[in-house]
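Scrolling down, you'll hit the structures one after another.
After this come two complexes, each holding chain A, first together with chain B and then together with chain C.
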Partner chain A sequence: MMENSQPKPNIIQPSAPQPKRVSLVTRPRKILRGVLLGLLLITIYSLATLNNANLNLAEAFHSLGVNLSAMFLHPSVGQDSWQLLLRALVTSVSLALLTTLLGALIAFFIAVGAARNLSPAWLATSIKAVMAFIRAIPTILWVLIYSVVMGLGASAAVVGLTFHSVAYLVKAYSESIEETPQDTIEALKASGVGFWPIVFQAILPSIVPALLSWTFIRFEINFANAVAVGAAAGADDIGYFLFMAGSFYFNFHEVGLIVYLLLGVAIILELISMKLRGHYLKQTN
Partner chain B sequence: MKTNYHSPQQFFRQRRLRLFTVLVILLGIYFTSMALVNFQTWNSITKIPAGLIWLFHNFIPTERSISSLGQILYQLWRTLLVSISSTVVASLFSLVFAILGAKTTTPNEAVRLIVRFGASLLRNIPVVAWAMILLFSFKQSDFTGFLALFFMTLGYLTRAFTETIEDLDAEKLQALQAVGANYFQCVFCGILPEAASTMTSWVLYMIENNLRDATLVGLLTGTGVGFLFDFYFKSFRYDAAGLIVLLIAVLVIVLELTSTQIRRAIA
Partner chain C sequence: MLKVIQLDKTYGSDKHSLQSVDFTAQPGEVTAIIGPSGAGKTTILRSINQLIRDDSGQILLDDQDIRQANKAELRKIRHHIGMIFQNYNLISPLTALENVLHGRLGAKSTIAGMLGLYSDAEKTEALELLKEVGLQDYAYQRCDQLSGGQQQRVGIARALMQHPKMILCDEPIASLDPKSTKIVMDILRQLAREKQLIILINLHQVDIAMEYADHVVGINSGKIVFTGPTSDVDDTVLQNIYRQTDTSESVVSANEN
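Moving on to the complex of A and B:
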């Protein structure tokens, strides 16, 4: 006879395991949120304390609208002639071309010294530190500083712009050079190839596309800088006319025309850079 | 290049010819622009060492310039604030524009083209022109610099953000759509979290850039540390001007290092 004489069996309840929360908020996410929050707080603080010089904002924006429509809807030559403005525009482009070419040439040789895989570590580090310092000072300050030594005008502008271009390009070039595999250089060294043949026959051909694209980016920057230099340091280019029209004659029609000219150049530059990049990408693939 | 070379000699001859042509073209450009700019290469290059010596002689901050340190630091702080706030405000606007303008999230093609065109327009008007345009309406206030930097940054960041969104994996978006997420869920839960760290690193880059441009804008509009530099520079107080240059360099380098650290931490 089966009798359930045993004490009641323990019923084992299948207990659910302690739920483990998997947080999607990882450490990088937390830092990201912190950074964004910090930036937002700084922004709110600075907007609240912005020195608005007793401006009536509504009025100011209204006058901005009037000026913008004068600029873009009714551009005109103003007190200068077309010939003068176009000549100045050509000067700006030449200034950018000149400083980019000069800067690229100098920067390449310095970059060879600044690349870790070609030169001793102490040399590379010290060159990079000096270049970082030069880069940290805005271009326009370099131009102003040189204008004291050489007098206001083209020479100071060229030297100042070149200075900054060299510092910028050395960084870009040396990073491109460092991407060349160490094996290539070692193999060539082992077979007795000299230093400069390695640079010109092995490294240079393999990094030409990168160099070209960096140089072109710098050319665009230099064009913008050339305009700025004209406005702030009185080199005889389109920036100077822009500055005069904007803050001496208050001729917004002329400012509009100059802005249109600059936009035209910028669009042409972008088209060229697209073509150039397409051409080189096709060749390397 | 699909040209067949018959002999190594021919290959090298071709190569030499091509190199020679490129060199001639570059030299031509160089000399033409030299003539147009009216720049004497040798004359200027020989002056560089003298210039550097002069620089180290006159731009070294002296005890006299320490007295203006307080004012310089205050203006530098203001400039930093303006460059950060203009970037952050611009980034909020460009986030909206980028969502409207990216191929994957655009509501329709016409909006996309308008956003693209507008961003390119804003980007290509030089900051000098912005400063001139705004100076007349907003006078010598921090607001002029803020808006000039704002418009420039808006153009750049809209383009950068658009490209960031377009570079994201399209399959994830399709998966979200397949499970029935609506447009806003796709954007806010699918795209933004994924793109956030890249976008933040663009914002940090623009802050660095804007700090440099803020000096120029300040110079032109008479605000911030740029104006202070101009003031000392034009009144021949080179030691104080040198102190400003030094402090700007230090600030830019510190900012660069900090943002590199942050970028590494959030990657």
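Moving on to the complex of A and C:
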């Protein structure tokens, strides 16, 4: 460090520089390594002490193969009829559609209250907190809670699914609303436009693509939930038949068929959402 | 006539943004507010329609004090004050025609406004206004497909749809090229003349102000340093308006770009 300056007589030259140890390991990386090491030890311990119940591994894999081929290579309607299964499938899709639409409608109005650029901070924060709480509890649990109140059946499934959808969509919608440029809102405010006309004429048209996208994602989630909830709430949908075939009649052929039906619906939903998104992208360009 | 009397605005404890601002703006005239960045041009403009709440003073539009108005009255007053912006502030996914019609929203009931119910007369008028600003062929174009100059003209048509007494223009040409600047400024001057509007423009381009304004308000550090007809503006006046200010006295101004 003294190379370029004139050496002054009263400055003591430092002795030959000691190579200092330079560590590349930062604190977060140390923690990460510690965690990974811990997980490794736990894995080794649990493998070593695993109770294998005297299982013959080869035999076990063999029966897995038999069961899987019964499911997926020889699907059949089992003791139920095609008509019954398809009707149950339509029930599931309707359940998803109904709860998503209801949820979307309610969520939009609550989201207006939860958006920081439209509502006072205390209101937005409290709505968001309540919604986070509702979201933290899985949909199935809400359906079970409502089953206690309303009895097992389709209504408990509808209310429970809607309830969780609202909490989910409020978060998505309010964040979309918060992304609308404040300037455009201000422009209408400056011309004396009231609150609700601004929401419906300025904000809504700006965020329709985002709302559509989120709502469709929720529709897909609700379809999956509807299948799971059907068994729990006895809503007579495809989930109920899946549960009965799998856990009650042990008819793996029927399980396979139902899985294929669900897969088919999921693919159709995905295709529709891709089309929708493609349409929206074309519009913005 | 717009009369601003003794307008004061303070940010924080002692940062003066506006100090005893006094000026008038006449119908049929273009009044330009000029001054260095951060002098308080935007603050003045936004105080006039109370987008920024000032501390004290009077703002009289045709002898009605805007500062004394309650919420409902303020909405009514705002409906008769058009405003155009540097960034146009249109709803970009909507068509030019729909954006122009937004100028009527302030006059509608909440329900009619929410649903966007416009009468045929209003739609015809919106088309007429688009024609007036030379955009009749773009009525059904999405606004994000229009150029900056075209968007600004849609903004002007939207302001006109309000049947305004006054149009506030916040740096309307700061993002425009010279050709669009000329089109926009010509339209604004013509509006002042033909419709007897009060046109109040914030500008940072002195040459444009000299060319188009009838009246100039010069501001420096939140204080009016010049007000008078454009013909009275000479180099001494401009030097006074644009003189360097001590940084310790520099003013804080919200929304100043």
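We take it that the second predicted complex is superposed on the first by the 223 of 285 C-alpha atoms of A that agree within 3 Å, B and C clash if a C-alpha of one lies under 4 Å from a C-alpha of the other, contacts with A are read in each partner's own complex, and residues count from 1 in each chain.
The working rule: contacts are C-beta pairs under 8 Å (C-beta built on N, C-alpha and C of every residue); 3 or more make two chains touch, one makes a residue touch a chain.
This is a predicted model, so every value here is computed, not measured.
Engineer: Is A:Leu68 contacted by the first partner chain B, the second partner chain C, both or neither?
Structural biologist: first
Engineer: One more residue to check, A:Val90. First (chain B), second (chain C), both or neither?
Structural biologist: first
Engineer: Is A:Ala132 contacted by the first partner chain B, the second partner chain C, both or neither?
Structural biologist: Touch partner of A:Ala132: chain B, not chain C.
Engineer: Let me test your reading of the model: by the given contact rule, A:Val193 touches which partner, first (chain B), second (chain C), both or neither?
Structural biologist: It touches chain C, and chain B stays clear.
Engineer: Specify the partner with more touching residues on chain A, choosing between chain B and chain C.
Structural biologist: Ranking chain B and chain C by residues of chain A touched puts B first.
Engineer: Check chain A for residues that touch chain B in one structure and chain C in the other, and list them.
Structural biologist: Residues 283, which sit in both footprints.
Engineer: Under the stated contact criterion, what part of chain B meets chain A in this complex?
Structural biologist: 1, 26, 29-30, 32-34, 36-40, 43-44, 47-48, 50-51, 54-55, 59, 78, 81-82, 84-85, 88-89, 120-121, 124-129, 132-143, 146, 196-197, 200, 203, 212-213, 215-216, 219-220, 223, 229, 233, 238, 245, 248-250, 252-253, 256, 262, 265-267
Engineer: Residue numbers of chain A touching chain C in their complex, please.
Structural biologist: So the residues of chain A touching chain C come out as 181, 183-184, 186-194, 196-202, 205-206, 208, 283-284.
Engineer: For a test of understanding, state which residues of chain C touch chain A in their complex under the given definition.
Structural biologist: Of all residues in chain C, those touching chain A are 49, 51, 74-83, 85, 87, 89-94, 102-103, 105-108, 110, 113-116, 142, 144, 158-159, 162, 168.
Engineer: Inside the complex, what are the residues of chain A that reach chain B?
Structural biologist: Residues 27-29, 31-32, 35-36, 39-40, 42-43, 45-47, 49-53, 55, 57, 60-61, 63-64, 67-68, 71, 90-91, 93-95, 97-98, 101-102, 132-133, 136-141, 144-146, 148-150, 154-155, 157-159, 224, 227-228, 231-232, 239, 242-243, 245-247, 250, 252, 255, 258-259, 262-263, 266-267, 270, 283 of chain A touch chain B in their complex.
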